[in-house]
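By written order: A, B, C, D and E. Residues from 1 in each chain.
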Amino acid sequence: MNDIKSGSNLEKVLKSGNFAFTGECGPPKGANVDHLKENLAFLKGNVDAVNITDNQTAVVRMSSWAASAIAVQEGVEPNFQMVCRDRNRLAMMSDVLGAYAMGIRNMLCLSGDHQIFGNHPEAKNVYDIDSMQLINLVKTMRDEEQFLNGEPIDGSPKMFIGAASNPFADPFEFRVYRLAKKINAGADFIQTQCIYNMDKFRQFMKMAVDMGLCEKCYILAGVTPLKSVGMAQYMAKQVPGMDVPPELIERLRGAGKGKFAEEGIKIAIEQIEEFKQMEGVAGVHLMAIEWEHKVAEIAQRAGMLPRPDIS
Amino acid sequence: MNHDFEPQIIAFCCKYCAYAAADLAGSMRLNYPSNIKIIQVPCTGRVDIIHLLRAIEDGADGVYVAGCMEGDCHFVCGNIKTRKKVEYVKKTLSELGIEPERVEMFNLSSAMGPRFAEIANQMGERIRNLGPSPLNIKQAA
Amino acid sequence: MIVADRKPLSEILDMITDRDKILIMGCKGCVTVCNVGGVKEVQILSSSLKIARKKEGRSLTVDQITIERQCDPEYIEQVKATINDYDAVISMACGVGPQFLSEAYPQQKFFPAVNTKFFGGATSHGIWEERCAGCGTCVIHYFDGLCPVARCSKSLMNGPCGGSSKGYCEISKEVPCIWDMIVKKKMEQGRLDDLLCFTPAKNWRTSRDGGPRKSVREELAI
Amino acid sequence: MSTKGTNNKVGSVMVVGAGVAGIQASLDMANAGYYVHLVDSSSSVGGLMAQLDKTFPTNDCAMCVISPFLVEVGRHLNINIIPNSELESLEGEAGAFTAKLKNNPRYIDSVKCTACGQCRQVCPVTAVNEFDCRLDLRKATFIKFPQAVPLSYTIDKNVCIGCGMCEKACLAGAISYSDQARFSEIKVGAVVLAMGNELFDPSLFDTYAYSRHPNVVTSLEFERILSASGPYKGHLMRPYDREVPQKIAWLQCIGSRDINHADHSYCSSVCCMYSIKQSMIAKEHAETPLDAAIFYMDMRTHGKEFERYRERAEKGSGVRFIRSRVHTVEPLDDGGLKLKYIPESGEVLEEVFDMVVLAAGFATSKDTKALAQRLGINLNAHSYAQTSDLTPVSTSREGVFVCGTFQSPKDIPQSVMEASAAAAGATQNLSEQRWSLTLTKELPAEKNFSEEEPKIGVFVCNCGINIGGVADVPAVREYAKTLPNVIHAEDNLFTCSQDTQENIKKIILEKGINRVVVASCSPRTHEPLFQETIREIGLNPYLFEMANIRDQNTWVHMKTPQRATDKAKDLVRMAVAKAALLESLPQVTLDVTQAVLVVGGGVAGLEAALGVARQGFVAFLVERSNELGGMALGLNATWQGEPVLPYVMQLIEDAKKNERIKIFLETEVGHVTGTIGNFTTTLKSANNPLDTKVINHGAAILATGGKEYKPHEYFYGKNPKILTHFDLDAAVRNNDKALKDSKIAVFIQCVGSRTEERAYCSRVCCIHSIKSALILKKLNPEMQIFIIYRDIRTYGLREDLYKEARQQGIRFIRYNKDNPPVIDSDNGQELKLTVKDHILQRPIEMNPDLVVLAAAILPNENKTLFEHFKVPANSDGFLVEAHAKLRPVDFASEGLFLAGIAHYPKSIDESIAQAKAAVSRAMRIVSKNTIAVDSVIASVNPDRCAACLTCVRTCPYNVPRVGEEGYAIIEPSDCHGCGCCVSECPGKAITLKHFTDDQINAKTDALFYIEASC
Amino acid sequence: MNDSYKPKILAFLCNWCSYAGADLAGVSRIQYPPFIRVVRVMCSGRVDPLFIVNALKEGFDGVLVSGCHIGDCHYLEGNKYTVKRMEILAQLLDLSGIGRKRVHLRWASAAEAKPFADNVIEVSNIIKEAGPFNAKDHEMALNALTRALSTTRLRWLVGIDRHLTENENVYHEKTDPILFEKVKNDAITAEYQKALIQEALSKGPVTVREMADQTGIAIYTVSKRLNELELGGMADLKSCEGNTPRFASPV
């Protein structure tokens, strides 16, 4: 757990036992990167690393490694995401090498949403290898310095490998085993799905801790502040694998018109406070897409600032 | 809705319920339009999609199937299967640009003489409102 | 068996817009069993097309024939004498039919009346479900007879993905999540640890991705 | 049994009374080789059931159920219907009776009359229409109901003024005023009495204002109001002002269980059920929501599925059940009726209803009593035929049997069972005369027309003025001549009359016609008649097609004669188009193994086996355990007190002695194959499965019986003082001292019956409890006896037991389902029982020395056996009969019958009756050596079959199966001919004979003048 | 009654007796009031009750039918039928509330000029006494009378009356007069009431109670008669709002 893998800022923060704080930012729907830079500017200094999404919900955006490279230029450490939907194993390996060459040190291996959710449902999907096999592929490239077919790599990509985990999806009792499987496959850190059902998450973390997973891998708890009752209901019903308890929606509604956002942030901050104490949680992953300007305030009020600077 | 238009309507009636109800309507001297022509089948389950389409193709302005009440079919469930086939024919007709209301399925018991006449009048009225089948209009013009 | 759905009538009508003498060819194989291309369906399609044409006041002569199978040259041979007397021929067989016919009779125009979809079986009267994707290397024994390649939307080998909820796939409530079934079955049979070990990347070479395939029975082919 | 010269025995039977029971008995006997004389005093067969609208518990329409039977009995070659006649005297002995009949005149020749109804329209005289009770009028010349058999009008001489108008109107020349009463003598081998009952006339009670107010009606009148062929065409209206009633009250026990006004102390056993049915059907008919209330003393729903029927009425349809006897019905001036009554809660209530229905009970009519007197048949105190429980269908006179409500008040299924039982009883000693008097039609060989092209003869009928008066028949005839393949067309006044039939035959032979089309009335009633006619000259019956230009043309288009004529032409053209494609269908016959398999060695099984043997056929009796007798071994006496054990011992001995009965103890039924007439069954010995034996039989009777429920309630088994019925009977048998010494005895009813998991009433426990209470009272008159019950269901004449029990001081306490009696025996010895008394409305306690639990009756566990025979059992495990009303002993699949407790809990006399009935039903098959199979069946063309299993999945009777050769096989004798598989088969491999696709399409093509295109 | 009221009376005189008697009265200059308007018929048997009802409808205040004495009828039995018809008409008039006093049957032979005149005077006084007959007030009753009198049932019963009671019926016995009387009376009341109801029905869908009010017949009787009409196909249930059904004559 303690030998340095990629030397990225995130890795150092985690390795030094600090409570990590990562953000998320979506690449632009075009080549104009001004808005991207704006968001990165908001996040700079407030988070240890920023997830750069890869065609999230199968909606076409600028590719993740390009946006990540821009983040590196802007001095923000990116978490380069790769989904298994759009590339076969050749494209995956070549993108990992390219990203590393551009200075990207963290990456996340995700299955990716099915293309019918996105804006090109007629597209052919790939799914040549799944997220588990991708984790293992990057681990093999990094540690054995070999391609999938065993040939040597000239300059292996030392990536700090991350993966996602949804503790609330069915079958619930198998989720922690799958997490273990990802860790054995080579995941160094895990970012969970955004959490609203705290007791179910506590139960999940307890199992993870009992299985000793937290020694082998850093688990970051996902947080997404709720902007409105509408958003809460949308998440509850439409987003697959999301578990939003009704009492939470009631609390939000109780806050009254106009004050939803504020109440959402208050909830998020309470969650972050609890995660700080929760055994096995090594940090928080704040997903505030289109709310990047609020990240600073949240980080501030959650006492996450200033970010540790471990050079 | 021109009044001189005399629709040709074919009714497939099952021997045990609808055909018996038609006979009862006769012995009760009830009244329904004369352009309903009844074809007897042992059970509505015997009526096939091809029979309904063939009737429309031949020039019928309306076709309906009359079977036993659901649950009372002499052969247990012939009427339930046929209702599905009638729905299929309705879908096919609307695809072909023909009013699906020209085809219908009814359920009644053999004691419902008045109900049989009511159905016949109702279908006669409906088809008269719909006017001649599009297949016949072209012929006529 | 091969399962297919019949094309919508409007599409078939567009195919034969300016053709007045057509032949509809049924096939007694899989399409008869899944009720889209047998003798009955040939009659229904013929009657439907004639109705459509009569509605426009234009005549249409339709001949009907159903041969044993449209995937064997000898049966295709049976229609040799009259095949070219028609303006068009509609084949109601699976995708193989129109192709075998086109190969045998180059100058005739063949139209598919049916969309071939998948290999599957009847789960109940009138309902067929996909079971096999024809990937060329069968692995179902690893998953207790539940094939993730054909029945998982993402063909995951180490499922389930994050989108599985209440036993159904993220893409729709009609599609059961095969991984949910695999996990539950493994638990019931006490073979959960089969899933814990890592399944390596699959060799897709034998599937369609490896290019159009051919199978040869050495003992037969001379 | 006098066996004086068997040769002078007569192979025919007389059935007196042509209600549903009389008809069933006649059909059974006629189909088993005996000539039947069916005598009825009224102008048509059908009896009381023809007047009913719907029947419980299935709510089927009564007429739809019974009319096929009326047609069958009307057309049966070996049943001679003698209407308007009474049996004057019966001389001679069993096997050779001479019956003297008085045939009253009808004044209309029923052969000539076509029931066209012209005479009724012109007759100036009106009279009360007895069929619709007093709700409407009929004319002097009338027909009882449209489906009457014989289908002919009659003139009622007492009201007719002889004006002669009907003769003028009658085109068939069927009126013969000179008709006189005649006497005739008929020799018969046995007599079955089925005169039925009449309904009690409530005008006796002035408190119900029945004779003073039209809105107070009897149940039969209400049945006519509900009926679609009734006075109001099925619209629910009240007679006074035709308003749709919003509140109707049913008053139970009118003329039953009543000794001060009506001196009918018995219960008529059907009124509770038909009131529930009427309330549900009324709710369905009413346009606006209807509030229905039933006022009753005990709700007697003791039959199969009756308890659930009552639940459905109360919970589903919201019928109110009020346990109270209404004191008076006071008519108000606006047509409403004020009822004064006291419900259980005790306060006096008044409620205004729009209509009151009096559930009138049964009573034997005066003429029935007189007839019984003349025939020397003993009647019991209630003037019903005196019968012993152990021979339930035999009267006091040898060779004369009884069935139906003349034996005692009962419902239709019970009457039909007894009818078949009486049929078996009557023919038992005549078996050597079987087929001696029956007629069979000599038919010439069928001609083969397969090579000839179709030559069609069209016969257009005027049917008097029914067709000719509306459509232009000559024009239709001329038009028919122009149709393709038609070589002859003619029209005549009455095609169905005898003389026209003769000359049709002549013309067919002359002109070489090979397809016949008759344009007249409905094939439903007349197709068999014409098919038989053309068969008599060698034409296959299926080379025949009818065009219905009367019921479905002239009668419904009277106002547009020209259109009716055009439609008649269309219908004839369509019929001719189909006729051209008709093929002759061979009459498939299978040979029959003349033996019967009886499963179950209880009383029902034994009676069935003995019945079959006495009819002259082999019976295989298979019993799972090692002894015969079944449940009856534990029963002391029947409800009339006749000892059961000696009877059972005698049965067992007779069975063992009879060489035609092959008994297999400790044997189970293995695999069963084959169809009606040809079953092959393997029998496995219970303790050594390898020892198997294969038997062949033509029919099977399942009498697998039942067992007493061992209660786990009320500490049963934990305290010696707590017994079940069988324990008590055993104690009485070896006169256990504890019985005599006990001071307080308590019976608890409905233990395990009428609960959530067993929602049925076990029918006999009330009777057994009361009978046992009387025995205990006799043993020790000081003993205090309580019966704690929910509803006392001593149905029929068994009500006397209840009357006597109350007279002997036995106390009855009612509890309801939610707070049953509670027993606690803290120290195991002293029993304490507390129950809330329904009158004091307060709990009372007692320390009984003896507690008897009226435990439920369960069916025996036979899942595998039922699967072998592919026979269904209902959710309670009892076998499901083909039709609750008219085929109560048959299974839906042909050739299999059921009897005894396996059908439903019943008393021993009812089991015996059902067993004999099953024998009679089996005789229909086994008494012949070949059996005809319907020709309209589906057949598979192997090379078109893709073995896609669609037919296997579609057939409601799962007849088709895919054989080893790889294509579907449909067993001709199993196929019912519905055609569902034909229309679903994707490869068009199956055709339904006589209804092929081409034949149906030919009709639609013909309508639009399209030649037979492909 | 003021003397100025001049009743209008229609008189059917049979050609051979009463008409001749009337001429004789003329020849003998016997005076009688000028209120009668004479219609000559060959025999009093020719007079159909419908003529009389029609007369009342058109405005006459009374009708006199005069024929030969029983036994003198030129056509032997014509007047016997007239007696039967007038009986049935009288019964119907009473039933309809118009009252039998509007119609009178008298005999006057060819020689009886005086008796003829006396009859005319007597009838004129009775009609004068009864006052003018306004057809409008009895419109429904008159229509019903026309309907009832045109039913085959009544016309047939009237015609066959004597044949059955005096000679023999189809059973070659004399029909018991009491039975026949009962049948006839039932028929008269029934047909009249049915006719009244048909009048009510023809004006559009009505309920039983409305019919009872319009026709004055008791509710339950209306219900029973309505049933007879339904069975004869002359009335059917039109609609049923709430729980009051409406009936109408079939279209």
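As a working rule, a residue touches a chain if its C-beta (ideal position, glycine included) is under 8 Å from a C-beta of that chain, and two chains touch if they have at least 3 such contacts.
Because the structure is predicted, anything quoted here is derived from the model rather than measured.
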item	value
Smallest count of steps, each to a touching chain, taking chain D to chain E	1
Shortest chain-hopping distance from chain A out to chain B	2
Each chain counted as touching chain A and chain D at once	C
Identity of the chain that, by mean CA position, is farthest from chain A	E
Chain pair bearing the highest count of C-beta contacts	B-D
Cα-centroid distance, chain B relative to chain D, in whole angstrom	34
Chain A and chain C, separation of their C-alpha mean positions in angstrom	40
Centre-of-Cα separation between chain C and chain B, whole angstrom	36
Length of the line joining the C-alpha centres of chain C and chain D, rounded to whole Å	54
Touching two or more other chains - residue numbers and ranges from chain C	40, 43
Per-residue overlap in chain D, given as positions that touch at least 2 other chains	233, 954
Multi-chain contact residues (two or more partners), chain A	none
Each pair of chains that touches, named by its two labels	A-C, B-C, B-D, C-D, D-E
Residue ranges of chain D in contact with chain C within the complex	944, 946, 948-950, 953-954, 985-988, 1014
Residues of chain D defined as touching chain B within the complex	60-61, 63-64, 146, 228-229, 233-234, 522-525, 548, 550-553, 555-560, 563-564, 566-567, 570-571, 574, 936, 954, 956-957, 976-980, 982-984, 992, 995, 997, 1000-1001, 1003-1005, 1007-1008, 1010
Touching residues (chain side chain D, partner chain E) in the complex	121-122, 124-126, 135-137, 157, 159, 161-165, 167, 177, 214, 231-233, 235, 237, 239-246, 286-288, 335
Interface residues, chain C side, partner chain A - complex	153-167, 170-171, 177, 180, 183-184, 187, 192, 195-196, 198-202, 204
Of all residues in chain A, those that touch chain C in their complex	84-85, 89, 111-114, 116-117, 125, 127-133, 136-137, 148, 164-166, 169-171, 173-174, 177-178, 180-181, 184-185, 193, 240-241
